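So, here's a batch of structures to check.
Next, two complexes with chain A in common: one pairs it with chain B, the other with chain C.
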Partner chain A sequence: MPKRKKKEAEEIGFVTTLSVPSEGSAGLTGSWRVFIPVLDGERCNKCLLCWIYCPEACINKDIRINYDYCKGCGICAEECPRGAISMVKEEKKQ
Partner chain B sequence: MRLVETGNHVAAWGVRLARVEVVSAYPITPQTQVIEEISRFIDEGEMQCEYIPVESEHSAMAALIASAAMGVRSFSATSAHGLAYMHELLHWAAGIRLPMVMVNVNRALGPGWNIWCDHQDTLAARDTGWIQIHCASHQEILDTVIQAYRISEDPKVNLPVMVCYDAIFLSHNYMQVEIPSQEDVDRFLPPFRSLWRLDLHHPLTHGSVIYPDDYEEVRYSMFRGMENAREVVKAAAREYRETVGGYHGELVDAYGIEDAEHALVAMGSMASEARVAVEALREAGHRFGLVRVRSYRPFPVEECRRLLAGLQKVLVLDRSISFGMEGPLYSEVKASLYGHGDAVIYDLVTGLGGRDVTYEFIAENAVAALEGRLDAGSVWPSVRLNRHHLVSKSGVERLGSKGGAR
Partner chain C sequence: MKLKDFPEEELFLQGSAACQGCPGSAAIRVAFKALGRNTVLSVIASCTSVFQSPFPVSALELPTLNMAFATGGATASGLSAAADRLVARGVLEEKPTILVWAGDGGTYDIGIQALSGAAERNADFIYVCYNNEAYSNTGTQRSGATPYAAWTTNTTKGKEEWRKDVAQIMVAHGIPYVATASLAYPTDMFRKFARAKEIKGTRYIEIQAPCPPGWKFPSSHTIKVARLAVQSGMWMLYEHEDGKTTYTAGTQRIIQGQSKLVPVEEYLRAQGRFGHLFSPERDEKRIGEIQRRIDHVFETLQFTHKMKEHIMDIEMAPPR
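This part shows the complex of A and B:
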């Protein structure tokens, strides 16, 4: 019987499912957005509730929204006690 | 120190000597004594250990995964339905490569509530990525629990280890054991140095979403880790013998195999009985040896070839059944020997649900194999009807052809 050579997988070492927080490993998730949060700076009193509640950490302490990753969930607008954030239908850019 | 103790209490001693820091478990017969004894050790200040009481085995394994991910030496114990209930989490613990040790007391699965010995529970968990070591004596339970941490925490392995031993025969019977000194165990088993730990300042997570382009490599790495475990299991057994004392074989424990013409293959307490059968068979002029499979995963493929390939007849003893196929141990022994030698391989499926398997029974069937009176493939020679079966049969008959549901 002819001996078949066993094809070994490439030596890849120790590979696990461990991950560390890093920006954008799933791509620019902002492209999933239908409604975009728009901040009215006049009404905002910088209470930072939006910063606390944003599940994607897309609002920083200066109340700047990171539109690259904001999926438009609207939680910030829902939580804002002064109605300073409104959700606006976004025109899809190509 | 010498003690006369149950296998369960002996396992607890192994956990204590291994300086385990977190135990999370849910009681289930016949395992409960393990965690009772550990609780007592903690209560009396003999163990510096956090005991997490949980509401189920699923939660027990979830808590253990968390503590192992914190880089803490962790332990649990379960049995049968408990192992089945935590099945999904078994995959998680192995899949994210967490070192930990769990005792599983081999018990039959219901229905038909049965708290007695059977290997179906652990063999059904075969492909979870856990290393499985099956013990045949109380001393081996103690020594293996300690060795298991060395194996599991080896950076070349980084997989959880299940230490398996038979319900009642080993879990509840009393046997004499030598308890090694803490100093000797400490020399064998250094403190656990985890490859990672959960840390607020260096955040990381395990097991989040993984795409088709990434997944296969993770499984291949687990496969390699399990392959590496072969050498690590052997080295742990040898180093334990030198440092602490006590030796029960490596991937297999062979007996009388050097000049054997035929062999028995078994696991657990049934292998101890098979050893007596080997002696009886030899007295009757049949040169049998015994290969006790100690490590079921990784499976001792090379050892089976080396020890069995040149023999004439091999009789495997299976204490579980793969429905629609045959005894699982039989399948694995045959697979190992494929293309190696021309031994005729037989299989007894017996001892399920704690049915006693005597050395006379094993020897009788071995002689039947020699004389060509045993069919190849899995046979069930201890099956017979008793009066309890007749009760259930008569119940079915009373319903008659009309059926009871109408």
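This part shows the complex of A and C:
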């Protein structure tokens, strides 16, 4: 249960049927990933195409990828005009 | 507006329940950036409901109503009237933008009656249809927006009918603003949303949303397929205002002759749902039929464009 919902339950004594906006509403979606996007900072010219095309809002305006939530769809690597992002097979976490 | 001038604020929260490479969430991000925080949303049953409502959390930062299929126009009319009253009473300083976010099932088939009624009353809201050309949420069934010859679970040998054009139906309603947009042209989409925000009355925007599991292509190709759709003429970008249609971005470039129409085969080959047109043997008849329709539309548009330029030349020439 998200923090805001817990607070609501404590304050008014019951949980309403309203959903609260929260990051990671489907959990840590990074675990869905098979291929992981890796950015080559030298090739990147900050055209921001990956930022606007990312369906998950996982790339911020400074071109930092949030690997907690990145689902590894590969749109950023496909659309990068300079080939600065490559998809690498993810290694299993121990 | 350039990409670097887009607002940085994210009203769509990461870690949602959408599929990998989902066009719905990609479109909603651009829309939210253009409309800003003072927006009230009504989400009609569609794939957006999936990431909007996994109770007790939601991926959308804006106040949202989770509504049934047929209620798009009706809820928006109600929200708009309520917001008007609150502004008149002084509870709200500024009227929020009312946004309806519906899929093609909720627009083309089930919701068109409520939408048509609201458009006729010219209720004050923006209606967005993100069109993935099938009922993808329930496993890709045929809808009114499914194009000719496309595979769905109940048209296994390809749909036999042509799709209807709801954007043109909305133009026929005489509402103040109608536009179509594509995921591959985000600046064009942003500009259309920003323009729609300024206008009062019913506004309709339709976004083509290539759906990786429904159309059977890899999740990384969402934007590529959207771009091919525009370049091949299967999807046209335009806006209609004051009784005048202006073609924009990729479609405008083709009409003005700056770029050539890509053969429709490239678009069809990029998706598995048209796979039966190419294997076991090539279906020349159906591919040719699709190409002929596109060619006919663009020949007419290119001819009109040339005629207009010609008339302009005559008007601009100095009198003898």
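The working rule: the second predicted complex is superposed on the first by the 72 of 94 C-alpha atoms of A that agree within 3 Å, B and C clash if a C-alpha of one lies under 4 Å from a C-alpha of the other, contacts with A are read in each partner's own complex, and residues count from 1 in each chain.
Methods note: a contact is a pair of C-beta atoms (placed from the backbone, for glycine too) under 8 Å apart; a residue touches a chain by one contact, two chains touch by 3 or more.
Since the structure is predicted, the reported quantities are computational estimates derived from the model, not experimental observations.
Asks: For A:K71 in the superposed arrangement: first (chain B), second (chain C), both or neither?
Replies: A:K71 sits against chain C, while chain B stays out of touch.
Asks: Chain B or chain C: which reaches more residues on chain A?
Replies: C
Asks: Of the two partner chains, chain B (first) and chain C (second), which one does A:L48 touch, if any: first, second, both, or neither?
Replies: Second partner only, chain C.
Asks: After the superposition on A, what does A:I12 contact: first (chain B), second (chain C), both or neither?
Replies: Only chain B is touched by A:I12; chain C is not.
Asks: Between chain B (first) and chain C (second), which, if any, makes contact with A:L28: first, second, both or neither?
Replies: Only chain C is touched by A:L28; chain B is not.
Asks: Quick check on the output: what are the common chain A residues between the chain B footprint and the chain C footprint?
Replies: 15, 17, 19-21, 26
Asks: Which of the residues in chain C come into contact with chain A in the complex?
Replies: 3-4, 6, 8, 10, 12-18, 20-26, 29-30, 51-61, 183, 186, 212, 218-224
Asks: Looking at the complex, which residues from chain A come into contact with chain C?
Replies: 1-2, 5, 15, 17, 19-29, 32, 47-49, 51-58, 60-61, 66, 68-69, 71-75, 77-79, 87
Asks: Residue numbers of chain B touching chain A in their complex, please.
Replies: 95-97, 155, 158, 196, 202-210, 217-218, 220-221, 225
Asks: Which stretch or stretches of chain A touch chain B in the complex?
Replies: 9, 12-21, 26
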